[in-house]
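For reference, chains read A, B, C, D, E and F in written order, and residue numbers begin at 1 within each chain.
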Amino acid sequence: MFKEFSKGLIKENPVFVLALGLCPALGVTSKVVNALGMGAGVIFVLLGSNIFVALLKNFIPEKVRIPAYIVIIASFVTIVEMVMEAFIPSLYESLGVFVPLIVVNCVILGRAEAFANKNNVGTSILDALGMGIGFTLALVAIALVREILGAGTVTLIPVGSWDGIITIPGLSQSPARVFSLAAGALLVMGYLQALINWATTKKAGESK
Amino acid sequence: MKGLKTFSRGGIHPHGRKNLTNKKEIVTADIPETLIVPMAQHLGAPAEVVVAAGDEIKEGMLIGKPAGFISAAVHSPVSGTVKEITDVYLANGMKSSAVVIEKEEGFIPAEKTKSDSWKSKTPQELIEIVKDSGVVGLGGATFPANVKYMVPKGEKAEYLIINAVECEPYLSADHRLMLEKASELIEGLRIISKMVEPEKVAIGIEINKPDAIEIMRKQAEAENFDLEVVPLKLKYPQGDEKQLIKAVTGREVPSGGLPIAVGCVVSNVGTVNAVYEAVALGKPLYERTVSVTGLGVKNPGNFLTRVGTPISSLLEACGGIIDNPAKVVVGGPMMGFSIYDLDTPVTKGTSGILILTDEESGSGSRTACLSCGRCVSVCPMGLNPTKMFKFVDHDDYDSAMQNNLMDCKECGCCAYACPANIPLVQGMRLGKKMARKKKVS
Amino acid sequence: MTYVGIIITFVFINNFILAQFMGLCPFIGVSKNVESAVGMGFAVTFVMSIAALATWAIQNFILVPLNIEFLQTITFILMIAALVQFVEMFIQKSSPSLYKALGIYLPLITTNCAVLGIALIAVRSDYNALESFVAGISAGLGFLLAIVLMSAIREKLDSEWVPEPLKGTPIAFITGGLMALAFMAFDKALLNNLIG
Amino acid sequence: MINRVIYAFLSVGILGGALGLALAYAAKIFAVKKDERVGALEEILPGVNCGACGYPGCSGYAEAIVMEDAEMTLCSPGGAAVAAKIGEIMGAEVNVSSEKMVAQIMCRGTRETSKTKFEYDGIQDCNALHSSFGGDKVCPYGCLGLGSCIDVCPVDAIAKTEAGYLEIDRDKCISCGKCIDVCPTGVIKMIPYNARHIVACNSTDKGGVVRKYCSVGCIGCKMCEKKSPEGGFKVENFLAAIDYSAEGSRAEAVEVCPAKCIIDLDVVE
Amino acid sequence: MSEEMKLKISSSPQIHSPASTAKIMWIVVVSLIPAGVWGVYAFGPRSILVLAASILAAVASEYLMGLVFKKSTLADGSAVLTGLLIGYNMPAEVPIYIAVLASVFAIVIVKWTFGGLGTNWMNPALAGRVFVFFSWTGGMSRWSMPHMVPDTVSGASPLGFLKTNMMTFSGTSSGPMDFLAGQNYPVDSYMDLFIGRIPGCIGEVSALLLLIGGIFLIILKIVNWEIPVFYIGSFALLTWIFGGMGFGNGFFSGDILFHLFTGGLMLGALFMATDMVTSPITRKGMIIYAIGCGFLTFLIRFYGSFPEGVSLAIILMNIFVPLINRATQPVKFGNLPKEKKND
Amino acid sequence: MTDMLKTGSKLALICAVAALCLGAVNMVTEPQIAKFRAAKLQEALGQVSPGGAIGEEVAADDAVVISYYPVEDSGAISGYILNLKGAGYGGDLIILASFKPDGELIGSVLMEHDETPGLGKEAENDWYMKKYLGFKGGNIPTSKTQLSQADADAISGATITYTGIGNALIAGSDFAVELGGK
């Protein structure tokens, strides 16, 4: 049981290993806080859609499977979007356009297709949580590197009077701006993935 | 030198060093006590041994009979006793069975006299003689000459082109042959013409042999033989028949096709001489001219050598070699093979023996390919050597084949030019070998 | 904006892959060789252009008149999903080899952000029907350009000895990063100067 | 306000219904028949794409089983278990007699232990080297050590040891036979997985000759036959071989072999 | 010959041309030196510091990567060349960390990520330069006047000056030279541009010395003439046709000389677009590539937001090289159309 | 056929139900969102306001000025708050700026933009906008040369943004003057 949950963290990490959901992984990761917000949104949508797909899998006809799934997903996304905008406007502000993008996050449909479609509600929930958390971890990792290198800061959630921004002295005066742009995002993604490859193969070698 | 003919694409100009031997007259080499006569001296199936250990044999006697359509007879170069039948490595790194002959004491080579009786023979009979004499192409490919001269039905040989290019650096055996045996060569040409029935006979000679151009022109005129002498611009590998045909006639032999597809038959001058000797003198092919040269030889020269002579014995004739040569090469420096065993025998295809010093071989350390494109621009076959090599390097033989690996003729231009010192030709060979192996399994 | 402007914008300046972070999954997944990259590129171009047009119709004939724009996401994606599935069935029938090459990525066009992206962008930019269509094609062509270039590079890298942990997708990302670096030459100022 | 909810309900419902209908219709006209079994087979095949079956990868084999009635026992990595499952899917009885086999390199000679005849300068590939006079080792039978087999092994079972010879990890080997195909000297042989010993030499030269060029080569002295008669040793052509169906002890032979070329695979050096 | 002596066996050909990778690289380094000496003379000792920093950083990175991947590649000279070219592409007043990071990016990310020498598909030096340019635009724009030029305006390269000041300029002028003169920019003649009496990157200003070095390389056949000729040619042609439009002069009135001798075109066309690793392999491919470089340089320089455009144009074309190579395979011998087969 | 109908209706059902749910959620959230937006606007207006009562939004027919709010202080027009559209590096810049009736700039904020982080995005900050304050009409700086060396360095690398904002503000200032205290 626990495996359904834990596999998403590293072994089948949606971003680094399955290479899904790449656009948000790169698009929102110029700041750590965005990564966190995006991750939260994705976890919610993944949970909702995995539950509903698992529930409805027998009801939905094969031929319209994907349209049906995506409608379910889109509903959850729209709900997240509307609720967030209405009740936590500050978070909505900082995530901006990335919330509707959750719809097209390949991870979500991918999980609906590959997992919830074949499993019961309980395991689907675990899968969703695992994948969602794995996704969030990946985003945060990317965002940390990008923000530190590209802006010299780490932006977290503001608490009280603290604005949530940690500034790295020196770096923040003249950061390597490219890392906050598209090019840097792709580079960071590549190297992180390579790092994970290297670490996992090394581990496999050691456990032998 | 403008206006001289040559082939159009690729090619290189390696340092020549022909002057080491091209003034040296051909001398007859001493015949050693023991000769090793391999059965696989030609392209195609190795000959079948027809003698056994202990047999007494005579000079010129058949010791290996052709084992198929593309195969050639092998004759004893001396009189003596068969010591054993064994396996030896040839210069090309392959194994072949060989007849080891102990020369009889006091052996004196027979004198042959010229006869004109061939003039009354039919082309077919002449081809038979060529076949029975074990004549193969001496230009390097050692293709059985009788097969080549049998123009297939429906084809017509417009051109008989004599390959006197000798584009390989160092070598001068063909050059000397023309200077010393012009008359015999013209007679040989008459014989071949009778078999092949060409409309025109041309001889291609590179411009670095002006004396040969001169002498062939004069001799043909003197003997009233219609021979077009074509001086060619200096460029390696002009001696390759495809390039030669392109240079002389402007025609391109189609990929995978034979010269006859564009109406040509190409023969090396040495082959012409061998045909002359076989037909007019009745002497099978067991002797050839070998250039022994290179900066590592004390007295380089050209030697009329019996097939089966161990290389070490030839080297003695040149006064020995320097202490630590970089390589000993059989054949020309571009296409030849390096050997490790100096007792490797001379075969019909051995055109030269080179003792190279480090300075000459000029090999540096290998680096990664720079994509400089030199290999592409020098490849006379219009191939992309680096691409093929990379496929071979990644064991992707199918892709290498799709990139025309089989069109590569291993001329070596690419590897010669490559600044990264990549053994491109070896890669091509390996690729072909593995592709064949894969096909079989 | 003129049509030329739209084309330049979406092919070069706002190239979906190299500047907008949209459509990366198929970009990484289907760029291993040129043939399938070309196939994928055209499939995406086709879907994007039709999707831009279809969603324009939904927006202007259904959502706006009924004042239910909050359903944009769900209706657009529904339309796109249906379209993609249609294309998928069509390709499967008409060109099994292409279908095989595109494999699991065809269904993923549904979730290719680029398709929804162009639909939303076209609507937000107030494009008319033809402009939406042109924007769709151009964005698709931008994707095609990027993925074909990427696949040619990856084919080349296939015959090099790329360090082991970097093989596969990591090197593709890094390649994409360097491409994006170069594509920063195409900025909005360039567009403004070119078409005034 | 409530109007909009109704509009939403109706319009999206109608849109969905229309698209659903269209798709259902399209599914009918574009229907492509696909054999479910291919997918099922693909799932149970191990997915190493080693090609041992002779088809292009696992999916190629899966297709071949369904479409071309290919043999069901060709997957050596999968072994008996997979063959049985294939049989299940195809609804056929499959006889698998197989004991797991693994490849082993029958040579432990290195450039230190074996004499060489020349200095090789060229592509580091066994086949390329072998084309030149059978390789630089005087011994024409042994492993050339350039590791062409390492490159083709799909599961990285072969590795060069520190001592310089190559070793195959029998736990990793999936007996695909690729190394055997690629090796130019034929020094790799299949042995049963359970076999503990190999005679690590492939030279059929006479003992005296072997001794001249290799210090770890089998000289055909027959000591193993004598000391471990129940071990299945047999010397033919001056080379010892083991008949693995014999199950007796071989320990003594390991001890006495003067060339030390009988290797106990369980003893890690 | 002694008994122990073992002969070397290698595949044909048994002889080899004197060319080698290291020789090529070091000759290119040598041919670049005159232009660098001029740069040091013009911009003062700080340029030595910049050059040293970039070269040392490149060599150190190469050394470290060599350790990681167990290859020793320092002797082939390519890292020194990359570092040198990066230094040449830096303004003399650039902060040292920028020069260092450009070299590190070039060697580690652009070159060794793909496997080291020969495997990279993008020009390392240029990618490194573009990376730092986009990251630290300000630091990369610290120009200084050559010491022999009276410092009337704060340093800016002629092209940069032209670009920024044209934005807010409302008068008229007949062309770039006239414009610069009108704004008191201290360039009097094309000779200033040609010799290198202008602000700019350390190694790019002396068109004269770069040309000499480049022609030397062409004569030695180390670079193919096609790339520089078609690059410069296509750029000059486009400049001539469209270059005058910005000054309201209509077609065919561009100032070719001005544009040829400014903004690193010579350095780029002769020494960087010609990097064999990142340029096409066949002659046809090289021509396509060079024309592409010319076009993009023109586009970026005249319409983009960056003043010069050479580096970006070359790395953009680098992206196309694998595709160009695919499309321009050599035609093999004997591969004739059917009807042409016999004559 | 019935099969097809069944498929169609099932999808229809899912869609309809989804839409219904969304409609329901929307009914709750929409007023909330509207309220929040209004509050946000008020906040921004307050930020730039010269002080006084902010009047109704008036649409403007101008290339740069989208709309404006007159501000009244004790009966007289004390200034205007303008909604401006400028051209930035990454696209349109939406600026809210307040001017005295004589055109002097008293406050401005960048509301919407698409500029590069670290470059044009700096314009979101107060210190950035301060460089324009207090000027009017053509005196509002648009180029680095009009700034001190330190200020010029601060905006270096993003002159397009700087010029774009400056130009929009000039147009705004002129517009305010033209309104003439009405």
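Heads up, the rule we're going with is that contacts are C-beta pairs under 8 Å (C-beta built on N, C-alpha and C of every residue); 3 or more make two chains touch, one makes a residue touch a chain.
As the structure is a computational prediction, the values presented were derived from the model and not from experiment.
Peer 1: Per the contact rule at the top, check every chain pair and give me the one with the most C-beta pairs in contact.
Peer 2: Comparing chain pairs, contacts are most numerous for B-E.
Peer 1: Centroid from C-alpha atoms only, then distance subunit E to subunit F, rounded to Å. What do you get?
Peer 2: Computed value for the inter-centroid distance: 44 Å.
Peer 1: From the mean C-alpha coordinate of subunit A to that of subunit D, what's the distance rounded to whole Å?
Peer 2: 40
Peer 1: Would you kindly tell me how far, in whole Å, the mean C-alpha position of subunit F lies from that of subunit B?
Peer 2: A distance of 86 Å separates the two centres.
Peer 1: Measure off the straight-line distance from the CA centroid of subunit A to the CA centroid of subunit B, and report it in whole Å.
Peer 2: 69
Peer 1: Give the residues of subunit E that touch two or more other chains, as numbers and ranges in rising order.
Peer 2: If we look for residues of subunit E contacting two or more partner chains, we find 6-11, 109, 115, 118-119, 131, 134, 137-138, 305.
Peer 1: For subunit D, write out the residues touching at least two other chains, lowest number first.
Peer 2: Subunit D, residues with two or more chain partners: 4, 8, 11-12, 15-16, 19-20, 23-24, 27, 117-118, 121-123, 128, 132-133.
Peer 1: If a residue has to touch 2 or more other chains to count, which residues of subunit C qualify?
Peer 2: Answer for subunit C, listing residues that touch two or more other chains: 68, 70-71, 74, 78, 82, 85, 160, 166, 171, 174, 178, 181, 184, 187, 189.
Peer 1: Select the category (line, ring, star, complete, other) that matches the graph of chains linked by touching.
Peer 2: Basically it's none of the tidy shapes, so other.
Peer 1: What are all the touching pairs of chains?
Peer 2: A-C, A-D, A-E, A-F, B-C, B-D, B-E, C-D, C-E, C-F, D-E, D-F, E-F
Peer 1: Where on subunit B is subunit C touching in the complex?
Peer 2: 387, 390-391, 393-394, 396
Peer 1: Considering only the defined contacts, which subunit C positions touch subunit E in the complex?
Peer 2: Of all residues in subunit C, those touching subunit E are 34, 148-149, 152-153, 155-157, 160-163, 166, 171, 174-175, 178-179, 181-187, 189-190, 193-194.
Peer 1: Along subunit F, where are the residues that touch subunit C in the complex?
Peer 2: Residue positions touching the partner: 15, 18-19, 22-23, 26, 30, 87, 89-91, 160.
Peer 1: Residues of subunit C touching subunit F in their complex?
Peer 2: Touch residues, subunit C against subunit F: 68, 70-71, 74, 78, 187-189, 192.
Peer 1: For the complex, which residues does subunit D have touching subunit E?
Peer 2: Result: residues 116-123, 128, 132-133, 136 of subunit D touch subunit E.
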